[in-house]
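Each of the next two complexes has subunit A plus one more chain, namely subunit B in the first and subunit C in the second.
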Partner chain A sequence: MKASKIRTENLNKVFHTRHQDIYAVKDANIDIREGEFVSLIGPSGCGKSTIIRMIDDIIKPTSGSIYIDGKEITSYKRIPKEINQKMGFIFQLPNLFPWLTVRENVGIACRIYKIRDEGTQRYIDELLEMAGLTEYQNAYPAEISGGVMQRIGVIRAMVHKPEILLMDEPFGALDAMTREKLDMEILDIWKKLGTTVIFITHNVEEAVLLSDRVYVMGTNPGRITREITLDLERPRSLDLLTERKFQDYCAELTECIGHVDLRKVK
Partner chain B sequence: MSRMLDETKEKRIIERRRKNRISKISSVAMPILGIVMLFLIWELWVILGDFPTWQISRPSLIIRSMLEDFELYWPNIVRTFTSILKGWVAACLIGVVMGALMANYALLGTTLTPYINLLCTLPVITLVPMMYVFMGIGRDVIIIAIILQSFAIVTMNSSTGFMNVPVMRIELMTSLRATKRQTFFQCMFPSAINNVFTGMKLSAIFATTTCVAAEVNGSTVGLGALVIEAKTYVRTDQMFGSILFIAIIGVFFYMLSDALEAVLVKWKE
Partner chain C sequence: MKGNKKWLNIVSPVILLIVILVCWELYVAVSGIDARILPAPHVILSKLGERFMRDLSGDFLYTIQVILIGYCISIPSGILLAALCSQSKLVTKAITPVLILMVVIPMLTLVPILQLWYGYVMKVRIIVVICQAVPIICLNTLRGFTKVETAKRELFRSMGAGRFKTFVKLIFPNALPQVFVGLKLGCIFSTIAAMSADLAASNEGLGSRISVYSGMLMTDMAYGTIIVVALIGIVLFMIVAYIEKKVVIWIK
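Coming up: the complex of A and B.
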C-alpha cells in the first residue's frame, strides 16, 4: 500500500461572524494515499471547500492537524515554499484575471514562483495543447466561453507540476455534456501525471465516475459521515454510466446524502 | 462545434465594431454641432436684443479676441495649465497611495475615511483667502489648494476599488503563496484600476475649478486673474475668451485621463 499523501487529524474550522459562530468543519479525519483520486461529496454549505482551503493553506484551521507527505503543516505561520508548490488549487469558478491573456493566466503560478526556465514555456504549450486551448492562448478571458474558461482554471493549477490537485467543484457551473467531457479529460490527465486528487462535487454520478474513494459530508456542523471505497475497474469511460454496479453505488451515495439532509431538517 | 463558436464570436465582434464606429463619430460630431448651435443662438440673441458690448459679448467677438489677443492669453494659459498639471499629478499620486494604504490597513482606513469625505465635499476655495494671509500671495497656495481639493476624490475612489477586489482573486494569490507586494501589484492594483481612473477624472475637474477659483481670488497671473482684469477694463470679449480657454484646459485634462485609461486598460472586467 502506498504512503499517506494527505492526512488530517480532528480538523476543525469555526467561522466567527457578527451574528453567530458557524461550525463549518467538525472533527474531519481524512487519509489519502499517493496517487489516489478521492471525492468529497455533500450538500451545499457542508464545508467541502473549507476543508481543501485549509489543506492548501488559504485559510487556517481552528484546531487539528494536516499532514502532507507525513509533515505537519498546521504549525507553520506560512507553509514552506516546497510544500506549497506540491499543491495546485482549482477554484469553484474560473477565477481568471481579465487583464491577462489566456496564456498569461495559465502561467501565473510561474510568475509568482519566479520559475523562468524554457522548459516551463514548453510545458505551458503542452498543457494548452492538451486542453485544446492553443488557438485561444492570446485571447482575453472576456472573449471566451465558460467551458473554455474553466479548462484554463484547471491547467493553471498544473503548470508548476504539483503532486496534489485540489479541485473545488471545477465543473459545477457547466452543463452536463460539457462536464462529462471534462471529467474524462481530468481522468486522462490524472492517469498521465499520477497526481493525488481531492475532487469536490455535489453530483453523485460524477463522484462515482471519477473516484477511488468517496467521503460523504453532512451539514450543521459540517462533518464527514461516511466513507465509501469504489470497487470499479479502470480505465473508466462514460459507458460505465449504464452499468449495474455503477448505479448501485450512485443509489448508495444518494441515500447517504439523503439521510444527512433529513437529519438536518429535524 | 468550435467552428460554430468562432462564427458567433466573429459576428459579435463585427457588431461591436460597428457600434463603436457609430459612437466614435457621433461622440465627436454631436458635441461640436451642439457648440455651433449654442454660439449661433447666442450671437443672434445679442444682436437682436441690441445689448451693449460692455454688458455681454458675442461669440464672433470672443473668438476674434482669442485669435488677435493671443499673446495676452498665452502666458496666462501656460501658467494655469502648469499649475493644474502639477497639482493634479501630485493629487493623483497622493490619492492612489493613500487609497492603497487605507484599503490595506483597516485602522488607517476607518480613521481617515471621515476626513477624506469631508475634503471631498468642502470647497477648499473658501480656505484660500486665509492661506494667502499665511503664506503670501503666490503660486504655492494655488497648487496646495488644488492638491487638497482633488486628492481626496482619488483616495475615495481608489480605496473603494482596492477594497472591492473579488476575494477569490486574493485567494488565488494566497494559494500561490504570493508575497504582499506580488498580491498588490499583480492582483489588487489591476483589479482596482478602473476605480482609480474614475477618481482621476473627477479630480481633473476639481483641479481645474479650484485652480481658476484661486486665481480669481487674488492672483495676478493665470486665466482666472485675467477674467477679473478683463472685467475691470470692461473687456467682455477678453473675459469670455479667458473663460473659453479655461474650459478647453479642463476638457483637455479630462480627456487626458480618458486616453490614459484607454491605453492602460485594454481589458473588460
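Coming up: the complex of A and C.
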C-alpha cells in the first residue's frame, strides 16, 4: 500500500455569524494515498469545497490538522513554497485573466512561483497540445468558448508539475456532453502524470466514473457520512455507464446522499 | 457590417453638429439679433482664425501648460493614493466620503487663498487642477482596486502569492478599466478646473480671456475662446480614450 499523501485529522471550519456558529466542516477525517483519485460528493453546502480550500491554504481551518506527505501544515501562517507548489487548484469556473493570452494564462503559476527553467516553455507547449489548445494559444479568453476556457483552467493548474490536483467541480458549469468528454481527458491526464487527485462533484455518475474511492458528505453540519471504495476496473471508458456494477454503485451513492439532501441539489 | 457601424459613429455626431450650426446661422440671419449678443457661427470662426495667433496663442499655451502639468501630476498621485488606501479596508471606508466631498467642492474656491500664499503664479492654478483631478482619479481607481472577484483572489492565494505580487499581477491589471474611467474623468476635471482657476485669478489664461472679451462686448471672440477650450478638452479626452483602447483590450 502506498504512503499517505493527504491526511486530515478532525478538521473543523466554523463560520461565525451574528446569530450562530455554522459548522461548514465538522470533524472531517480523510486519508488519501499517493496516486489515488478520490471524490468528495455531497449536496451544496456540505463543505466539500471548504475542505480542499483548507488543504490548499486558501482558507484556514478553525481547528484540526492537515498533513501533506506526513508534514503538518496547519501550524504555518502561510504554508512554505515547496509544499504549496505540490498542489494545483482547479476552479469551478475557468477563472481566467482577460488581459493575458491563453498561453500566458496557462503559464501564470510559473510567473508566480518564478519557475524560469528552459523546460517550462516546452512543458507549456506539451500541455497545450495535450488539451488541444495549441491553435488558441495566442487568443484572449474573451474570444473563446466555455468548454475551451475550462480546459485552460485545468492545464493551468498543472504547469508547475504539482503532485496533487484539487478540483472544485471543474465541469459543473458545462453541459453533460462536454463534461463527459472532459472527464475522460482528466482520466487520461491523471494516468499519464500519476498525480493524486481530490475531485469535488455533486454528480453521482461523474464520481463513480472517475474515482477509486468516494467520500460522501452531508449538510448541517458539513461532515463526512460514508466512505465507499469502488471496485471498478481501469482504464475506464464511457461504456462503463451502462454496466450493472456501475449502476449499482450509483444507486448506493444516491442512497447514501439521501433523498432529503438530494432535493436541495439544484 | 462592423465597418459600417464604425463609420456611423463618427458621421452621425458630425451631422448633428452641422444641423445645430445651420439652425444657429439661420436664426441669427432671420431674427436679426444683435451680433454683440449672439454672433453667427461663421463670424465666430473667421474672427477666431483671424485673431488666434495674435491675441490668444499666449493664453492658449499658458492654459495648456496648467492643464497638462496638473493632469500629469494627478495621474500618478491619484493612482498611488488609491493603491495605498486599498491596502486597508478601514482606510478605504474612511477616505471614500472624503474623496467624494473633494470631487464635489469646486476647487477654484482655493484660488484667493492660494494667491494669498503664493501670489499671482502659475503654481496656484496647477494646484487647483491637481486638487480637482486627484480625487476623481483616486475614487474610481480605488473602486477598481477593491473589487476583485473572490475566485481570482483565491487562485492567487492558492499559488501562495504575497501582497505585492497579488497587487502587481492581479489587482492592478484587473482594475485598469476603472482606472481609465478615472483618467477620462480626470482630464475633463483638469480642463474645467484650469478654466475656473483662470476666471478666478483673472490676468492670464483662456478663462480670464473669456471674461475680458465679454466685458469688452467682443462676444464673437468670447465664443471663439470657448470653442478653443472645448477643443482642448475633447482632444485630451480622445487621447486618453485611444490609449485605453490599446491597453484595455478585453472590454469592447
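The rule is simple: the second predicted complex is superposed on the first by the 255 of 266 C-alpha atoms of A that agree within 3 Å, B and C clash if a C-alpha of one lies under 4 Å from a C-alpha of the other, contacts with A are read in each partner's own complex, and residues count from 1 in each chain.
What we mean here is this: a residue touches a chain if its C-beta (ideal position, glycine included) is under 8 Å from a C-beta of that chain, and two chains touch if they have at least 3 such contacts.
Note that the coordinates shown come from a computational prediction; the quantities given were computed from them, not determined experimentally.
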| item | value |
| --- | --- |
| Combined model on subunit A where subunit B meets subunit C, clash or fit | clash |
| Touched partner set for A:F37, first subunit B, second subunit C, both or neither | neither |
| Partner chain(s) touched by A:F199 [first = subunit B, second = subunit C, both, neither] | neither |
| Contacts of A:Y215 with subunit B and subunit C, given as first, second, both or neither | neither |
| Touched partner set for A:S145, first subunit B, second subunit C, both or neither | first |
| Set intersection of subunit A contacts, subunit C complex versus subunit B complex | 53, 56-58, 78-79, 81, 84-85, 87, 89, 91, 93, 95, 97-99, 108-109, 111-113, 140-142 |
| In the complex with subunit A, residue positions of subunit B that touch it | 2, 5, 9, 166, 168-169, 171-178, 182, 186-187, 190, 265-269 |
| Residues of subunit C defined as touching subunit A within the complex | 149, 151-152, 154-161, 165, 169-170, 173-174, 176, 248-252 |
| Contact footprint of subunit C on subunit A as seen in their complex | 53, 56-58, 78-79, 81, 84-85, 87, 89, 91-93, 95, 97-99, 108-109, 111-113, 140-142 |
| Residues of subunit A defined as touching subunit B within the complex | 53, 56-58, 78-79, 81, 84-85, 87, 89, 91, 93, 95, 97-99, 108-109, 111-113, 132, 140-143, 145 |
